[in-house]
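Chain naming follows the written order as A, B, C, D, E and F, and within any one chain the residues start at number 1.
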Amino acid sequence: MVVTHLKKRLEIIVEAPALHRLTDRLNQAGVTGYTIVPVLAGRGSDGTWSAEGLAGDAGRLVMVISIVDAAKADAVLERVYSVLARQIGIVTVSDVQVIRADHF
Amino acid sequence: MSLLDLATQNLVSPMVLFFALGLAAALARSDLTIPEAVAKTLALYLMMSIGFKGGAEVAKSGITALMLWVMLAGVILSFIIPVIGYVALRAVSRLSPVDAAAVSAHYGSISIVTFVAGIEAVQGQGLPFEGFLVAVAAVMETPAILSALLLARRARPPSRDDEGESAGALIREVGLNASVVMLVGSFLIGWATGPKGLAMIAPFIVDPFRGILCLFLLDMGLVAGRGMREGAKHLSPPVLAFGIIMPLVSAALATLALMPLGLSVGGAALFITLTASASYIAVPAAMRLALPEAKPAIYLTLSLGVTFPFNLALGIPLYLALASWVGR
Amino acid sequence: MSLLDLATQNLVSPMVLFFALGLAAALARSDLTIPEAVAKTLALYLMMSIGFKGGAEVAKSGITALMLWVMLAGVILSFIIPVIGYVALRAVSRLSPVDAAAVSAHYGSISIVTFVAGIEAVQGQGLPFEGFLVAVAAVMETPAILSALLLARRARPPSRDDEGESAGALIREVGLNASVVMLVGSFLIGWATGPKGLAMIAPFIVDPFRGILCLFLLDMGLVAGRGMREGAKHLSPPVLAFGIIMPLVSAALATLALMPLGLSVGGAALFITLTASASYIAVPAAMRLALPEAKPAIYLTLSLGVTFPFNLALGIPLYLALASWVGR
Amino acid sequence: MVVTHLKKRLEIIVEAPALHRLTDRLNQAGVTGYTIVPVLAGRGSDGTWSAEGLAGDAGRLVMVISIVDAAKADAVLERVYSVLARQIGIVTVSDVQVIRADHF
Amino acid sequence: MVVTHLKKRLEIIVEAPALHRLTDRLNQAGVTGYTIVPVLAGRGSDGTWSAEGLAGDAGRLVMVISIVDAAKADAVLERVYSVLARQIGIVTVSDVQVIRADHF
Amino acid sequence: MSLLDLATQNLVSPMVLFFALGLAAALARSDLTIPEAVAKTLALYLMMSIGFKGGAEVAKSGITALMLWVMLAGVILSFIIPVIGYVALRAVSRLSPVDAAAVSAHYGSISIVTFVAGIEAVQGQGLPFEGFLVAVAAVMETPAILSALLLARRARPPSRDDEGESAGALIREVGLNASVVMLVGSFLIGWATGPKGLAMIAPFIVDPFRGILCLFLLDMGLVAGRGMREGAKHLSPPVLAFGIIMPLVSAALATLALMPLGLSVGGAALFITLTASASYIAVPAAMRLALPEAKPAIYLTLSLGVTFPFNLALGIPLYLALASWVGR
């Protein structure tokens, strides 16, 4: 059997202009990595939006995924939240298993 | 040529009609869209083209005192227009101080596509214009942002746990944003390589320019139409009116500023157009960082869905008429 | 010029060869691909270009009775060809009623790229053609979809919990799909601005047209080749044969319809080409909504992997020959 | 410690032409938001597909992510399923934590 | 109530040149499907990277999502890991529910 | 024309300046970027254009013994340069055998954009060149990869559980990669359709070529600058020096190889440029599959961030000078 280790997966949807601000916080919080996925469109409390046709960053969202140590998750979440409280976006946390614990 | 003729001629150009097509398609909920990657590239192409052409012009004419004076006028206008806009918005609308500051910033800064549409109209009249106006456009992008930040801070001093970036970092970031770098960089390259450089790449940056502009304006129509559909409910009548009256106020100020300067008629029309235009790429992104509490639905819809179509359809012919009065 | 000469000349054009390159690359599992964003934009460009050029032509010639007759003929053919196709498929193949209806819809509608390839061939022969054929293409896109829906409903009355959209909503959606809006919109703008408008944007929509078409055909070859690789197993021999015989039947019908009308030889060739072509963008998307039970692997592979290459390589020269017989 | 609330995360992969049909259902089911992510390619029971080179929507898939209240999840799932039963696509549900419960 | 079945969701981030190698392994391991999502940028132990502006595949990552039977998950994971051990990338596993068990 | 004049003239071309702009923007951390989809398409466009033009040239001149000799020389150089590079790197740097093999592979293979920049420089001097050099470029892409694999295997025999692909499968994959297929395919189509085919699509593949090249070089500057920022720490001084000295060594070898052959001056300059250039698209991808243990930060940064700028700015003028000595 493959031995796996429990981690937390943060999935953050955030407006594109604030992306650097968010990844800076993630780095400061000591996460070992993150991955940025494009987003086409969405709907939330601020209404419907779509990236189609946009030449600029405003009005576009991106998704950031970061696998973090369960012990660090709260601290990371707090920092992330300090960005998201002011910007458009959401964050969810879930349990995941990874193979190499040392990598994260 | 009368103002009416100018306006009619402007309205039946392929550029304006493609914008209208995009607007109509979006309002009719067609699934027509331009992919984001292509929209970004079209915008970069426009910067590259007008930057380079402006630089190649300056290579011929050299730096003149006139150029410096017009740049100075542009910077000052970019700085004070947000103040006027802010005061007006606070007086007539119920926008919060932060929203009013964010909206005003857009009107102090400039829209490159409005500028490009102005160039097309000026050239359509067979009027020459000064190449350095591209550089004027570049220096007018940023001061308005600083001005708006100062207004917002006066209204709401930054809280202790305010983790926003410092104004300095922000201005630096805005100064290095993609449009400014592409515009200024291409201007400098055009300047360095001159008419010979221009001749080398003219089949790419000159010949197909108008057609590509049509495609980009179609895209802008699509985005503006979507904005109108989604964002209209966020705009009260006074705010809507602001989107049309503010460019006229800016145009009047620009006309005054030009009186002592002696720009050509074409150049004057473009300077007035720049001043009257409202940003919809650089400033919105800056506002999301600097004043995230301000509602993007308001300023994006107003700038792109109200002021841009107004300038494209009616403003530019009007500014041409103003220019024929103040230009040399 | 003999049919053989026509066919040879057609086969060694850069357009057909780039399609063949794409096909070969996909079959050899090369990793060559055109990004989706670019493929979409190339398709929009083709619509913009032929729409505008057609409109500018009509601005010169005006609306004629001939135009209305040809449009009527196109609508009727688009409506009845699916019926013929459906009956034939049900008779010779083991396709389900829903699959047969979905496949037939593609053959009643049209393929813009086949049309564009036809224009190239017609121009390669130095033949003029009527600009209004672009409008004919636009009106022929949709009737076939309605026709196919009626066929499918007869075979399988919609169940109570059938949550599909109403036929009306669907037709509205199809009528506003990106290709139709771009084609009709550009046609109207070309019409409104006429040859003067065309001259303004010709360096974008006319001069590089053929080269861009090569790039798009390369992409179509890649997609068609991928379809052949993945989808071939879903096509039985009778269905395969249908993909080649049905366009010939449609071409024959179109030729008959043209006899009383008196189109030019070039125009007749294009009308026959339109009728013989099979949709691969608008109809497949409509079928996913209207008849989701129909298998896309069948109709996409057949239209794009069999009929399109056939028309491109052999059909078009044949339709030219037919047209020289029926055209004026 | 950051207080989090349990929600359900729906991840729906659906063919592009049916996207509006799906988001209409989500809206009708009262979800507070969703996010649409592009998809490049995939394989399922209907075979392999790829978006590369496609000029049209048919044959292309997209991914829709929606964070919903656990209490509403079943109702949402039923509506989603009524679309997916007829279209090409799959849906998965997982547990996630969010910070602001009122947002969802 | 909607009856759901427990499955495992593999989320694999892998460098683009090795994508075919990975999907071949997934196919060999008998997964019923997978979905490939584009990735814009990221950071990991090998540093920061971004797909922006790249004309080639090297230096670009993609995300592969595969829903697999819990019983098969270990075997699939082992095969996936045999690719990832040599390439740049990570893999996480989480629990998800699906509606139609037979589809996976 | 003196070497200094050549170098100056090269440095102030719009192409080199747009590359410099990209480099500067990336180093200053501007957010200017070209979307990936567009970057890929620009690269395909360059292959299509130079492939087709080369093929159309060969259609005029036919296959000659000279062509075959130059191809043979190219294949041999592509095969042996990695060996030289490997030995040198192992001697002067502390790179592991696998890293040294991977880096060397890049220098044996070629960079199409360097080749294209060379063509621009050659044409800027009014020099003609042989069209078949495009075919030479195509055959020089792959041998270096095989050579590097053999070097790496000698150093580290593949382990039993080594699940990498066989060398054969790899070579096949590399031989069918997007660039090779596009380049060779367009070459063959250009050959088949000749000057007539070229005339048909010249407004797309010839006229705007230089401008599009500027845009692509801007993108390359951005990517190279980002690489320098991120990857510089992975390069020790000996490795850095290798990135500049190795192209000079390759250029010397190419010059020697040309002595008996009698290429034109322009053709010689291009052959030397090809040999001196280092791959940054095809080989890196192949290395990720064949030698995944090799660190991409090293070879990508070295090829794109050191050797490419060096060749673009200084190498090409130098190779022109070498060619005027050895060319006919």
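Simple rule for what comes next: a contact is a pair of C-beta atoms (placed from the backbone, for glycine too) under 8 Å apart; a residue touches a chain by one contact, two chains touch by 3 or more.
All values derive from a computational prediction rather than experimental measurement.
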Using only Cα atoms, superpose chain C on chain F and state the rotation angle in degrees, rounded to the nearest 5. 120
Given that chain B and chain F are copies and touch, would you call their interface same or different according to whether over half of its residue numbers are shared? different
Geometric centre distance via CA averages, chain E-chain D, whole Å: 18
As a quick test, compute the distance in whole Å between the mean CA positions of chain C and chain E. 39
Can you tell me which residues of chain F touch two or more of the remaining chains? 31, 33-38, 40, 207-208
Give the residues of chain D touching no fewer than two other chains, as numbers and ranges. 37-38, 57, 94-95
Chain-chain contacts as defined at top: A-B, A-D, A-E, B-C, B-F, C-D, C-F, D-E, E-F
Contacts from chain F onto chain B in the complex sit at residues 12-14, 17-18, 21, 24-25, 28-38, 207-212, 214-215
Chain C residues touching chain D - in the complex, by the definition given at the top: 33-36, 39-40, 42-43, 161, 163-165, 219, 222-223, 226, 230, 280-282, 284-289, 292-293, 296-297, 300
Looking at the complex, which residues from chain A come into contact with chain D? 11, 13, 37-45, 61, 63, 74, 77-78, 81, 90-95
Going by the contact rule at the top, pick out the chain E residues touching chain D in the complex. 1-2, 4, 7, 9, 23, 27, 32-38, 62, 67, 94-99, 103-104
Inside the complex, what are the residues of chain C that reach chain B? 35-38, 40-41, 44-45, 48, 52, 173, 176-178, 181-182, 185-186, 188-189, 192-193, 197, 200-205, 207-208
